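Right after this note come the structures.
The two complexes that follow have subunit A in common; it is paired with subunit B in the first and with subunit C in the second.
Take a look at the complex of A and B:
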């Protein structure tokens, strides 16, 4: 029981980290990024490649992969998504267009990874040393990943709530038209928020690659979980991400331990629908967007 | 009725007759190609029936398709064929109503997310059931049906989907859906039962997708969850409908035909890079043809008579 709860909490922490990037991309930039999981897997492959090819420690690899994720996302937003933002008459129209465009992107990233690595599963062994926590044994790499996830989450939360720049980002998330009136450069803030989302998903990809096996086509699952967490927590809400992520991780781990590991996705969806039927705007969402 | 209408009607009947006679002179390869074309024409048109007027992006095509295929795999040997199809229709409609009632009342985003995962969800449930209860993952489909039979059934289904689409567009339901697509708040204030309209059309569209899966199932002889619930089908159907233009009944079919041929060609010639090429095609369509081929054609037609008037407008 303790083991299931600990595993669930750590899994939930990872889900929360994964979803944080998406909640920035969707909550601030209004890009509903269906290729999100593919970018996570791409970061995992980058980490794998750095570790096996260059013997570079994944924790050091973060320093390479995360800025790359930021840069690639920035370019992507500038080149591919800005035309859509200009073309869309309303934010709802942008949502539909971004779904379709990132859908195409999902195939392109997946296709590139398939041609580079094939369809096989990859993993590497890094710090898989057993550690005793509360009388249960856990792998050290999972613990480190969880610790870093918490660190990134706290850093992001502080940056968003304690700095002037963070306040501007939150202002755009709440009301872009009003944000423009107080001299906030909405276009630039949107691009920046999208890029931070890219950096976060890259970090999540590296951390996950330390203890999970992954393949070129496993991105969809991560996209789905991130979407569920974001919507369940309330779009654009970091605290909601944390709570929803932990709830998802815990329920998944408990069901896998006590009922059947094959039913985890069914549990995800049941939880998702259950929350939405009671609170359509999500756990921490405002009633009307 | 004008002469043009009568001519179009005669042409349609003649075309249909020619299509119906195809299995009598086509070889096995071309017949299987025709099956693929019909399959995607029906799927894309059914997708457009719901997503065209409402502008909800459904990613659940393969969930219904797979459920249809599995119904045949489970019941195909036990019951008479029409009864099996009828049960497939009932299951597809029931599933659509459950999904629709639980997600269509909420914002469009929830619908996208839920349909995005629906095929995966059903696939996991089927795998779980097969592994725990029947203890075998795959099933053999032994139904006494020839390729030509499948072709004729699909052709009938294609005619039916166009007929239903035509009728819906002219009914109160179709009118209500167009208003919902324009502005849901307005529709609500006009006294339209928005949820009922959306769920009803989603169910109609889902029934056709389920039937395609059921009719195509005997072609495979062996099915397992990863074949029946192949997510690529959902994606391909969306691209096809977008290429043609989902806001017209004929649009998705216009997109389905060239893309089915393209994907067939790609999977035969470049199996390893086909995913990449599908992605590029998709992006090109989204950026270059936001309202599809039909939209392009309509704009061209709309501009031509306006052109001569232009000089007079200039100051």
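Take a look at the complex of A and C:
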């Protein structure tokens, strides 16, 4: 039982980590980023490349990859997405336009990775050491990823709730039109939120590359998972993202241990549908309109 | 007026005639057009990139470096036309249609994987192209070979894979090296369903106790519940009919959890160079599907050429890679023996001839080879074939598997 709960928590932490960036990109900037998983895999490749080519520890690699993720996302938003934002008459229209634009981006990023690394699977060993927690054996790299996911989550939560800038971001997420009335620069805040999302997805990619096997084509799996977690938690809500991620991870692990490993996907979707039936806006989402 | 039109037409006909006379025969002999559609993107890309593409590229490079395929008394270089089937059966079918009707290629190399080979089987059969399926494992192979006489199923049947594994277990139990308890997990997809389906009755018939038998969905990201459950039952044998990411995940998790059964067998991916690269000394003693005669000079030479041919010195996988390359050698020998682009004759030659390849002499019986490697084991950094034990070059398995080392 302890083991099932511990592994479930770690898996859930990973799901939350994957989804945190998307909740900012989708919830605040209203960009439904379909190339999200590809950026995650790109960060995993960057980490792999730094580790095998330059012997740079992935945890140190974070210091390189995360700012790069921030910068690349900022440039993307400024160059590729700002015209869409300007042109879109409503936020709903922007959502549709961004789906099409980022769908194209998905192929570009994937194509670049395929040219650079080929289609093969990649995996490396880093801190794959057993450690005892509450009498159970866990892998150190997963534990570190979980710890950092919690750290990022808490830091981001505090930044969003305790700072003036965070309040502005939340204001844009809730009502961009009204935010403009109180002198919030919505375009700038959106770009910033999108870039933080990019930094978070880069961090997730680096951490996940320590223990998962990935290939240039595995991005879509992460996009799907992130989307489920974000929608289930309530779009744009960080706390919801954490709770939904943990709920999914725990349910998967408990079902795999006590019922049947073959049912994990079914339980995932049952939970997802169940939440949406009871709370259509997600666990922590506020019903709008 | 009329005469000028007639003259113009006559002139055009003459020019066309001359053009076709001068260009036509020359075109037919300057190259042999070979086409293929491979999964460059999508879920199959990982397997195709390791097992199939490097061999296709290496073979074409080698043949062209030697001047080309020997057609009659001339050498004719190979010209390649290739597409991405995006891991989809529809795309693969479309690409093959295009290769046949528009590109008019002389020969077609098969796609990667069981599903896509089954999907393109009827197309190749209808168009009369030889189909050397080098990466398909299906229990319908004998039946398909009858229905499509142009098709050759080089990896055999999943029942063959499962039965060979069980035979080996029976032998080891007889020698007192292992006990009765088996834990089995399998991926809930074509490969896992087929193999576990074949293994269950075989294990039961041999009086093994299947203490744990669970499937998991494709793409499961945390396999620790499975490993922990299996470990709690303390089996002698752990069998996983898994795909490459799960193969790596299960092995990693077993090492972390200190789950160290006497036999640790994993599925697709165990024979990949990536496996050795990731686990290093911990790969020692791990068994998996596939294998090759690592001591044979032909295989050693093939390994060296493969490393030299690929840009980053990549090694082949120790199962279907060498079979894929052998299938290309067979196609080449059949074409050269026929001496012209005559697909029906090439198919006939494949059915009846004997071929000298990197995996030894191969002769088809009812369009199926007679020898397969089904169980391999990492021994001293090489993945040697250990089953069937009657194969030439089969090594004795190391039992029990050495304990996992702290990395």
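To be clear about the criterion, the second predicted complex is superposed on the first by the 279 of 289 C-alpha atoms of A that agree within 3 Å, B and C clash if a C-alpha of one lies under 4 Å from a C-alpha of the other, contacts with A are read in each partner's own complex, and residues count from 1 in each chain.
Here is the rule we use: a contact is a pair of C-beta atoms (placed from the backbone, for glycine too) under 8 Å apart; a residue touches a chain by one contact, two chains touch by 3 or more.
Every value quoted in this text rests on a predicted model; they were computed, and no experiment measured them.
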| item | value |
| --- | --- |
| Side-by-side fit of subunit B and subunit C on subunit A, or clash | clash |
| Which superposed partner A:3 touches (first subunit B, second subunit C, both, neither) | second |
| Touched partner set for A:114, first subunit B, second subunit C, both or neither | both |
| Touched partner set for A:49, first subunit B, second subunit C, both or neither | neither |
| First (subunit B), second (subunit C), both or neither touched by A:262 | both |
| Touching partner for A:211 - first (subunit B), second (subunit C), both, neither | second |
| Partner chain(s) touched by A:157 [first = subunit B, second = subunit C, both, neither] | neither |
| First, second, both or neither for A:253, with subunit B first and subunit C second | second |
| Residues of subunit A that lie at the interface with subunit B and also at the interface with subunit C | 110, 114, 221, 260, 262, 265 |
| Residues of subunit A defined as touching subunit B within the complex | 32, 34, 80, 83, 87, 92, 95-97, 99-101, 103-112, 114-115, 220-221, 223-224, 227-228, 231, 260, 262-263, 265-266, 268-269, 272-273, 276-277, 280 |
| Residues on subunit A engaged by subunit C in the complex (per definition of touch) | 3-4, 7, 10-11, 14, 110, 114, 118-125, 128-130, 137-139, 211-213, 215-217, 221, 249, 252-253, 256-257, 260-262, 264-265 |
| Contact footprint of subunit A on subunit C as seen in their complex | 39-43, 45-46, 48-50, 53, 87, 185, 188, 214-217, 219-222, 224-226, 228-229, 244-245, 248-249, 252-253, 255-258, 269, 272, 274, 278-280, 314, 406-407 |
| Subunit B to subunit A touching residues, read off their complex | 55, 57, 102-103, 105-110, 112-114, 116-117, 120-121, 124-125, 127-128, 131-132, 231, 235, 238, 242, 272-280, 282-283, 286-287, 290 |
